[in-house]
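Structures given as structure tokens follow.
The following pair of complexes shares a single chain, chain A, combined with chain B in the former and chain C in the latter.
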Partner chain A sequence: MNKPVIKIENLTVDYITEENPIKAVHDVTFEIFSGEIFGLVGESGSGKSTVVQAMMRILPPPALISNGKVIINDKDILTSSDSDIVGFRWKQISIVMQSALNALNPVLSVREQIQDVLKTHKNLIGIDADKRAKELLSLVEIDHDRLDSFPHQLSGGMKQRIVIAIALAIMPPIIIMDEPTTALDVIVEREIIAKVIDLRKKLGLTILFITHDLNLLLEFADRLAIMKNGKIVELDTVENIYAGGKHHYTKKLIGSIPSASGKRQKGLLSKPNSLNLSKSPILEVRNLKKVFQSPGFFNKNKLVAVNDISFKVHKGEIVGIVGESGSGKSTVAKLVTRLIRPSEGFIYLNGENKKVAESRDVPLQYRKDVQMVFQDPFGSLNSIHTVYHHLSRPLFRHRLKNKEEMLSYIIDLLEKVGLTPGEKFAEKFPHEMSGGERQRVAIARALSLEPKIVVADEPTSMLDVSIRMEVLEIFAKMRIKSNLTVLFITHDLASARYLADRIIVLKDGSIIEENDSEKLIQNPKENYTKQLIRAASPGWLSELTN
Partner chain B sequence: MISNKNVYQKSILARWISGIIGNQKAFIGSCIILFFGVSAIFIPPFIQSPTDFLSTPLLPPSFEYFFGTNGQGQDVFAQTICGARQTLFVGFSAGILVVIIGALIGGIAGYYGGRIDDILSLLINVFLVMPGLPLMVILASWLPPSPGTLLGVLVLTGWAWNARVIRSQMMTFKNRDFVSAAIVSGESNIRIIIIEIMPRMLSLLASSFIGASIYSIGAQVGLEFLGLGDVSTVTWGTNLYWASNNLALLTESWWTFVPTGFCIALISFALTLINFGIDEVSNPRLISEKLWRNKVPENLITHGITPVSNSNE
Partner chain C sequence: MNSSVLYIARRFGFYLIAAFAALTLNFIIPRLMPGDPASIIFARFKGKLKPEAIDAMRESFGLTNDPIFFQYISYLKSILKGDLGTSIAYFPAPVSEIIGGGLVWTIFLAGTSMIIAFLIGTTLGIIIAWNRTGKLDTILPPTLAFFGAFPYFWLAMVFLYLFGFSLNWFPIGRAYGNEISPGYNLPFFISTLYHAFLPALTLVFVSLGGWMLSMRNTMISTLGSDYITFAHAKGISSRSIMLRYAARNAILPNLTGFGMALGFMLSGALLTEMIFSYPGQGFLLLQAVQTQDYPLMQGIFMTITLAVLGANWLVDIAILFFDPRTRK
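Presenting the complex of A and B:
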């Protein structure tokens, strides 16, 4: 670690608009030394991906690099000629893109995609290229048989490894990884990171790692830069940042990371002093099963998404359902809210043997009593309607409020979920609000009918890290204040630990473990639960690499 | 204080109107259409009747007869202006009907899925595979000639493609979260389709309408040119029919068909302009890329490489 391989000075990137250009990246300066893992952390819109794409000069219109210097391996990128830059990409520096899972061409086999790079940049063909492709697969520990597979035949983790292998194809000394693991499950993500660390040791790579997940970088980066609104607010070694950092934004980020192991942190989310649960459950699900049949008359493919699930939720309780993608947790949410019909089983609401599971039409009363908060706040609000429309429609529909009462009720509701002043927000359109504000509106909509139970399907996974806890706090507070019942569905064991009283762990459509949150965290019985806990706790990397 | 109504209006209508007016292409296109519409409605009372036999046949254009006279000695200018009435009326009506029927059938098929979709898709597919032109010719010659017949024939042969497009668009919307959210809050299906989904399809519906109108005007003129319309009425199609019957090409009387042909081309051109405009209004990326091209000096732009402004060096 002596001389910098990447040197960026005062980099400024403008996005051209009708009026003044928007500065997406403003005066960013940093250096990366040889063999280092440098982390760039920021939330969505902070400009972290823009920095990297400007470095490679692959930003699409309407971007313009308006100032600064980028020197990579003593080469000034911003003044180089076009042909120089094309030759420079991939040979000196390669990039693993954000949507890496979609980066593979679906109609080409893995072999063809690797050989394509080898041919273009090194003119390697035939047996030599084949040999090299096999070497690359061994490097990321994928079986050679997979060379003739097509992307759809590979799992997410395998695709990600192949994308990394392609980036390594001609051994560039520097690799940029732009959110390479965002679309993956926690356990797979951890394995990929361990692989990257391993490769770096073997090949002496310099890595620039970009992510929104500070928690992840704290494990393995050497130095970190934290970006906000196009500027670097703090740049320091991992140790110093882990200790809390200097900038208040860093402190906020560090403070908002829950951990799935160790002692429970105090004050992260409010909790009632004691739980007084009634004997009879408010929601009971018995032997629920959902089988998806592929469309088509002759198609016999069946997928059992949810297999024989039973659980109870009591009034005033928050129950977490935790599972990775494909575990059937979203299907459970859709079944309970009756967006889809169960293939078998029963749903009882409020102890009254109201068997909603069997009927094709859902009673209106059930629609009032069971509400849902969706994962994606950008998708769950209709972009052509105002907040007022979104909140007033359910109330009109169930004839709960008349026109005169409506506005004051809605303003009150908006202020309850932290959107003040309420009258300002009532007339906004979804695109005029940030992701966090939208999700608050979505929560307000779910609460507006005073439902018996709210199903929250990953309500924070699309939000920025620093506001996740604030959004979860709305649920925690409403529970204390008005005895709200929540079914909290998430992939993140750590946040379930803090919000939920009881956790149900789901795998491959079945419940594998269920216990009170703290008991489950402290004494997991199943191996899978242990794995999940380990992946969500600090120090996982050292266990994996040893 | 806010009231529900004006906020709602601000959303769709204002955005669209300001978008269309602000967009050069759409604005020019709208002006041309408006010009034809206004002249077809208001000018005829003030000019010669297009069916009167006025003068010597096949007089070339002069100050008395701007576009000359045709083979029967009728005023071509009056025929061109008055011909727009029925042609545009039938064309745009067919456009609207095609969109409404397409939205209804395609929307219902896409939204409900399952058995309903199977049946409606079958219907759509049957109409899609039927050869349109021969069917149109047969129906038009078999049914009594009238504007209503033409309209019916055009709609019957034109709705299926539209329904197909709207069906697939509906299928993608159906699984969006905002639709699920409306279902969970207890909204009725019809309300979800009309209030929540259809406004989101506005650009698709608008460009479908324009496409269907261009098709209808073209097909209608074609049918009438073949003599399958009511030849006693004055439309752009019958103008061309009579021009060809009176051997306009042999007698070298170009003025009997050029004005009508030019008008048809101009209408299609205007509609296409509006279509481009809608595309730009509903797809902001096209605009921002255009802006970027205008503002960044040309010598800096190379394909695939982000430009660096050298202003501070």
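Presenting the complex of A and C:
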């Protein structure tokens, strides 16, 4: 921690458009010292990835660096010649890219992709390059057999480790990590971070870590810069930020982090003091099973996505289904909404078991009673239609409202989900709204039919951290107000804890554990649940690295 | 690698079933038509044949009074032996011989020009996508799209008229010169190239743009993918990024397209062969239709079907080689 290895002064990046240029990065200045982990936190659109790409000079057009200096080891990157830059990349500074899962060339083997770097920068070929490639794989704890694998044969976590191995290939003093773990499951994410921290200790690396997940950085960064709308709003040590920071945006970010351990923090989401549950379940699932058959004439590969699960949901209850990717949680959502057909088992709604039929034969009444909110607010709204159109379509289809009542009903609905003034939002097109606003529209659409139960499949995972809690609050409020029943499907145990009354933990298509939320958090019985809780609580890193 | 062999074998099995289905259709359809080839020939000779000859001809066409199932079995048997019946127009030459003669020329003309168009088009696509908004990229796509928009036969006729008829640079018909005897000798070889040049040029000219544009478009979207940015950050040389990272991935859809085109080439060169009087498969098909030569038509349809299936199988193998994701 002596002299700065990276010095960024007044960096400004514009996106050139037809009209006025848009400032993606505005007057950003910070220094990173040798051996430190510097965190850059920001939500989508804050300009954090643009800063990184400007540092490597790999900004795609129409971005233009209009002002500032990037000084790395006493050399200004922005004024260097192109040939100097090629030599500088990877030797001085390497990068683990955002969406690193797509950072590997699908048609080259792992060996070729590692050796590309060795050949370019160190002129290592043949046996020497092989030896080095194996060393690198050992470093990130991957089997040497994997050298001849292709990216599609590797799991997300393995690809991530390989990208890290490539970043370490010629041991640059500085590594940039741009959202390196976003696409990974929590437990894998934590293992990889632990590995990075471990390597940094061994090799004395300087790390610039970029993420939208402030919670993650609080665990291991030395200093943090918080970015919003292209500007750094706060830059301080982790301790000071953790204490709440000075800027109100920092406070908001800190306040929106739910935790899966310890006592329940107050003020995040309100829960009713007593639940007004019906005696008989509104939804009951019995021995549900779904098997997917791979396509192809002679293909006998079968995937059991959901294996013999049973659960009940009562009126006015919020039940959380928690699982990692591949646990079958989204399949459960599609089965319950009858978008796909179960292979075996029964779904009772209000005690009735409508015949297990093709999805197009599901009675209209069932569609009205069971509504769904999807994960992707960008894909679930048709971009050529207004909000009014999206909300009126189901109402016309189910003949609930006539033309005269429609507009006032929709405005009312929009204001219920926090989109005020409703008149204005009713006329908007999807592209005129933020992700959070779109998701509110999707929720309003699900609520418009006054369904008996809403199935929300990861409703907040694609939204910015600071608005996730607000969106979840809509469900909590609607439950108190109109005794809404919600099946809340998520990978995030912490947010399930805050919204759901009861949590079902799903793994590999089976139910591992089920209990009231607080009981499950405080007294987990199964190992897997314990692992999940630990990964979502502060202090996980010290446990992993020791 | 074992699983790759299994995959190839499985695909082969699939195409075998498809071929079998096509052969069966080929058997059924002519039998649904009124009349039979023997009576057509008989009618054409206008009473110069004795009535007994009809029965003999029926026999030779496989049109017996046996139950349909036995006819079917003997039809399959004769196909396995390479016996496709007797042509009517070229009576009594066997169909297989006639088709064999046409096939060689079509493969030579259309096959070569397709490969040339594919290679040049794809290479141009790579280059203009890499130097996007460069000079070539602003000139080539609209120009080739412009020429691609003309009806092919019109363009071919203009070429024929201009370079063959008016300027007299190239011959206006046949596959080789009248005075040259076919064989493995240099004058024959040169003569075939000389005769094929103009028709091949028109074929390359019209199909070039398609290959180039599709390659350019996939290449541009590939260039936007994360592994390309990552490769730039790694400091890999531009040449290597262009070829090993971008083009290697972008060529995959084009390769599938090539397989499809390869199969259709056998029938698709119909117009070229008509205009340039080139004695290939398409020229034969035209004649067969004009003379109501059912056995020949049937034989040509069959070769086209088999060629499409065979070409697809070859492309399956090529893609297995180029795209590791298809190997399990």
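The criterion applied here is as follows: the second predicted complex is superposed on the first by the 538 of 546 C-alpha atoms of A that agree within 3 Å, B and C clash if a C-alpha of one lies under 4 Å from a C-alpha of the other, contacts with A are read in each partner's own complex, and residues count from 1 in each chain.
The criterion applied here is as follows: a contact is a pair of C-beta atoms (placed from the backbone, for glycine too) under 8 Å apart; a residue touches a chain by one contact, two chains touch by 3 or more.
Just so it is clear, the model here is predicted, and its values are computed rather than measured.
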Exercise for the section: Using the touch definition from the top, say if A:His121 reaches chain B (first), chain C (second), both or neither. Expected result: second
Practice task
Look at A:Leu381 in the shared chain and tell me whether it touches chain B only, chain C only, both, or neither; answer first, second, both or neither.
Solution key: first
Handout entry: Which of chain B and chain C A:Ser325 touches, first, second, both or neither
Key = neither
Exercise for the section: Check whether A:Ile58 is in contact with chain B, with chain C, with both or with neither, and answer first, second, both or neither. Expected result: both
Handout entry: Most chain A residues touched (candidates chain B, chain C)
Key = B
Practice task
Pick one for A:Ser66: touches chain B only (first), chain C only (second), both, or neither.
Solution key: first
Exercise for the section: Overlap the chain B and chain C contact sets on chain A and report the shared residues. Expected result: 53, 58, 60, 86
Handout entry: Touching residues on chain A, where the partner in the complex is chain B
Key = 14, 16-18, 53-54, 57-67, 78-79, 82, 85-86, 334, 337, 339, 364, 367-368, 370-372, 374-376, 379-386, 388-389, 392-394, 397-398, 407, 423, 426-427, 429, 442, 445, 449
Exercise for the section: Show which residues of chain A lie in contact with chain C when the two form their complex. Expected result: 53, 56, 58, 60, 86-91, 94-95, 97-100, 102-109, 116-117, 120-121, 150, 152, 163, 166, 297-298
Handout entry: Interface residues, chain B side, partner chain A - complex
Key = 1-2, 4, 7-8, 11-12, 176-178, 180-187, 196, 199-200, 288-289, 291-293, 295-296, 302, 304-309, 311-312
Problem - Residue numbers on chain C that touch chain A, as the complex places them - result: 10, 13-14, 224-227, 229-237, 240, 244-245, 248-249, 252, 322-325, 327
